[in-house]
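The structure under discussion appears below in the form of structure tokens.
First chain written, first letter: the chains are A, B, C and D, and each begins at residue 1.
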Amino acid sequence: MADNQWASAISSVAANEIRVRGYRLDELMGRVSFGDAVYLVLRGELPGRETGRLVEALLVASIDHGVTPPSTLAVRNAATTGAPLNACLAAGALAVNRHHGGAVEDCMKLLARGAARVASGDSPAAAATALIMEEKAAGRRLPGFGHRLHTDDPRSRRLLALAGEAGASAAHVAVAEAVAAQLAAGGKPLPLNVDGAIAAVLADLGFAPGLANGFFILARTAGWIAHVSEELEREKPMRTIDQRAAVYDGLAPRTLLAR
Amino acid sequence: MADNQWASAISSVAANEIRVRGYRLDELMGRVSFGDAVYLVLRGELPGRETGRLVEALLVASIDHGVTPPSTLAVRNAATTGAPLNACLAAGALAVNRHHGGAVEDCMKLLARGAARVASGDSPAAAATALIMEEKAAGRRLPGFGHRLHTDDPRSRRLLALAGEAGASAAHVAVAEAVAAQLAAGGKPLPLNVDGAIAAVLADLGFAPGLANGFFILARTAGWIAHVSEELEREKPMRTIDQRAAVYDGLAPRTLLAR
Amino acid sequence: MADNQWASAISSVAANEIRVRGYRLDELMGRVSFGDAVYLVLRGELPGRETGRLVEALLVASIDHGVTPPSTLAVRNAATTGAPLNACLAAGALAVNRHHGGAVEDCMKLLARGAARVASGDSPAAAATALIMEEKAAGRRLPGFGHRLHTDDPRSRRLLALAGEAGASAAHVAVAEAVAAQLAAGGKPLPLNVDGAIAAVLADLGFAPGLANGFFILARTAGWIAHVSEELEREKPMRTIDQRAAVYDGLAPRTLLAR
Amino acid sequence: MADNQWASAISSVAANEIRVRGYRLDELMGRVSFGDAVYLVLRGELPGRETGRLVEALLVASIDHGVTPPSTLAVRNAATTGAPLNACLAAGALAVNRHHGGAVEDCMKLLARGAARVASGDSPAAAATALIMEEKAAGRRLPGFGHRLHTDDPRSRRLLALAGEAGASAAHVAVAEAVAAQLAAGGKPLPLNVDGAIAAVLADLGFAPGLANGFFILARTAGWIAHVSEELEREKPMRTIDQRAAVYDGLAPRTLLAR
């Protein structure tokens, strides 16, 4: 045995046989969703049907948010200098940090404190009260609550509904909802934003806070590819990109029900 | 109107209403797969059911390939220095280039030349013969054919089968299969590898070659997150990572049929 | 011997003895300039005194150019999201591409064609005429000539003067000057810009075109660090950075002569 | 005034006049060293002659350290996949983190605590004793002290000598030396390594700890360019890079005195 031997439990690769967490990749293809496969590669087991659908919904929720997020600006800014696609995507990932995307991780840590209280016998409401007071005393803002634009984020609402349907909601979701309710009752409407909803659901699914940014980067990579593609098709190189001067000229509102 | 106004057709964002290509994101969540949403954000329309399933299979096919790919090594190497997750993923994306991941793009361009011949009246077999001769004359290797390890890549086989079931196979797949058949008949078994199969399917789905690396980076990001997570959990910081000293110690082979 | 043995000729590292290109690093420290050391690590030999001074001037010329370059915007954009310093600098490097910084490399290749003509007996003027006609026929712009803002870039003028003093000017500089002269005489004043001057000098110093972006990134990294530092000190996180709304509020003009 | 106006004090750019911190760039070129210019862009004033020479020595000290540092491996690993030079350098920067390069920043913070004690009347020796006890009590290793390979790092020795000659040594250097002396006297020889020496000198020069990694990345970028260049010239694409299988085959030891 080499003295520097090390081991990985993620995939095994042999001639004509690639397995992820024990399953042949070609068997998984076409039989499980990408959300199932993401859960599998990260957790080691395939999720139940409803959980896999929830993971896909989490990814769909984060796929794009127009041209204003700083990471999307970073991607377009790289593209306009002539960067290859992979460098544009890397530039996007590098712009997902504490202040942008980081609220999911911070909110997961906050809710974990609340869930620990619930595990010790507190009600979600009591845990929420404690969290609000602790954060106020420390002079910190509550990560995952409030949004400059969305006062009632439809993505949050939908995600929590799907988590409920999937039977995946537990202490973290309960504490998150209790915090939002108490803030609203206290005259400070700081609704659960999409970062907060994703945080609550990821935490109840058992994901570690340190992976939160990864989900966002994974999903948003699809949006970033679309922005690079559009930038190269529609704009001249080396332009000064002013987000505030951007308008939407895409398809008119439509609904799935009409399909 | 500002003189530097510009437009994007991807997403519209208004208070409490985020739409991608016209659809409300919250309506899409839980109703379409992530593969559907990827197709939507890139192409402007939702795919048919079978096409969406094919896109998900494409993503599942690329989700991981063990510890030896240079991009995965780049990710682990960044992680062992203490880089945050987003920087590790950026390092991975930066290692997806001409020699690693680039075969998909090159193969799409090659097959496009073949498909153009087919559109002009050639049979796929005649187009394949022409491509093989042209590349041989130019002293170039055929991108997407042959693999150092997999002589009959199960991912390629499965992907082409799914494309056939979805009715998505057209000239690019036909030319790719004809090239492989002629190479095998000529005593030079250079089977269609997974890059080549993905290239043929992406091309028949109408994606531009310039986006090929994006699909790979998107899918593999999930695997990279798993590798960062495992690196931090199982290894000490600042280790010298020797891929050749890696062993697999994960779950034993299993099958979906037993679920 | 290990079957995967490979060799590097750059540095040797043994206990208490680090050598770069044969010289002890501690002996170099304080005795050679950073420009000398850059030349040494890249070329294998220390430059003459005047050449080393020229390399330092090249680096000083590129150290900063205010807030408008897209790479500097990329750096500040990363910083405002909370990225650590190294990720900000990586984002800057990723924005140095074909359209921004790439003119040096392209101009070096252009001038190499001119220098080859000179080596074959053409005068610099004849070589310049040929280059201008070839590029015009191909519908290409001349990289390294013309600037949206600087009609007579003082950095170019100074760099060529220093190259002359150093005895480092040769065919590439001669061709570059001849191209500029002929463009001016033809009523199309496209003066040699700083990219073009750096290209001519780097080429006459014998550097390969593929390293050109490296010099720019190396020098500009110093400026980028200053921009990250200023961004963190003076601005709030997550701001929308509009380059066109930036003003200079630094020290008033001054001169070295008054020191 | 635009409501989003903001200001920068680093450089002013007008037609044919680029000034850094008030000085014309073309006046600086050839008259100040790159180290002087780095100090100027970061601090706002040109350093004295000896201080500028010290900054250059700091940069020279970090220019390369062979093929084993993880950031250099990251650079070569990117290069072997076919990444362009700027992406290779970005990959290098992304590998400079807490565990690699981060000791400078951590040591600057440690020494700042010691210097604060000195400012309050403690002797450097007393401050050193306090630091050692505090870190031991907290179960932390002393950043900047000890090295797996260099028991008496010649770069540290030389840097401290140059700082002394420049009159730049103050409380941080004094505390660093006192810590090393007490560790040696206590039978635990953990000599000041190059990170620690750079930390002490940067701190006594008045640089903020948050910039420490920037100096390292700036200097090492030169070495990384050399490694990319060598990788492309000497090696095949897509190789598995094993640092432990690397040998040095460059120039034999030589000395400046023989020039």
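Keep this in mind: a residue touches a chain if its C-beta (ideal position, glycine included) is under 8 Å from a C-beta of that chain, and two chains touch if they have at least 3 such contacts.
All figures in this text were calculated on a predicted structure; none of them were measured in a lab.
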Lowest number of touching-chain links that must be crossed from chain A to chain D: 1
Selected pair, greater C-beta contact count between B-C and C-D: C-D
Gap in Å, rounded to a whole number, between the CA centres of chain D and chain C: 22
Whole-Å gap between the CA centroids of chain B and chain D: 40
Between chain B and chain C, centroid-to-centroid distance (C-alpha), Å: 37
Contacts with 2+ other chains: residues of chain D: 4, 68, 84, 86-87, 90-91, 94, 96-97, 240, 242, 244
Category of the chain touch graph - line, ring, star, complete, other: complete
Residues of chain A defined as touching chain C within the complex: 68, 70-71, 73-74, 77-78, 80-84, 87-88, 90-91, 94-102, 237-238, 240, 242-244
For the chain B and chain C complex, residues of the former touching the latter: 4, 84, 86-87, 90, 94, 244
Contact set on chain A toward chain B in their complex: 2, 4-13, 15-35, 37-38, 41-42, 44, 46, 53-54, 56-57, 59-61, 63-68, 84-87, 89-91, 93-94, 96-97, 101, 149-155, 157-159, 162, 208, 210-211, 213-214, 217-219, 221-223, 225-230, 232, 234-235, 239-242, 244-256, 259
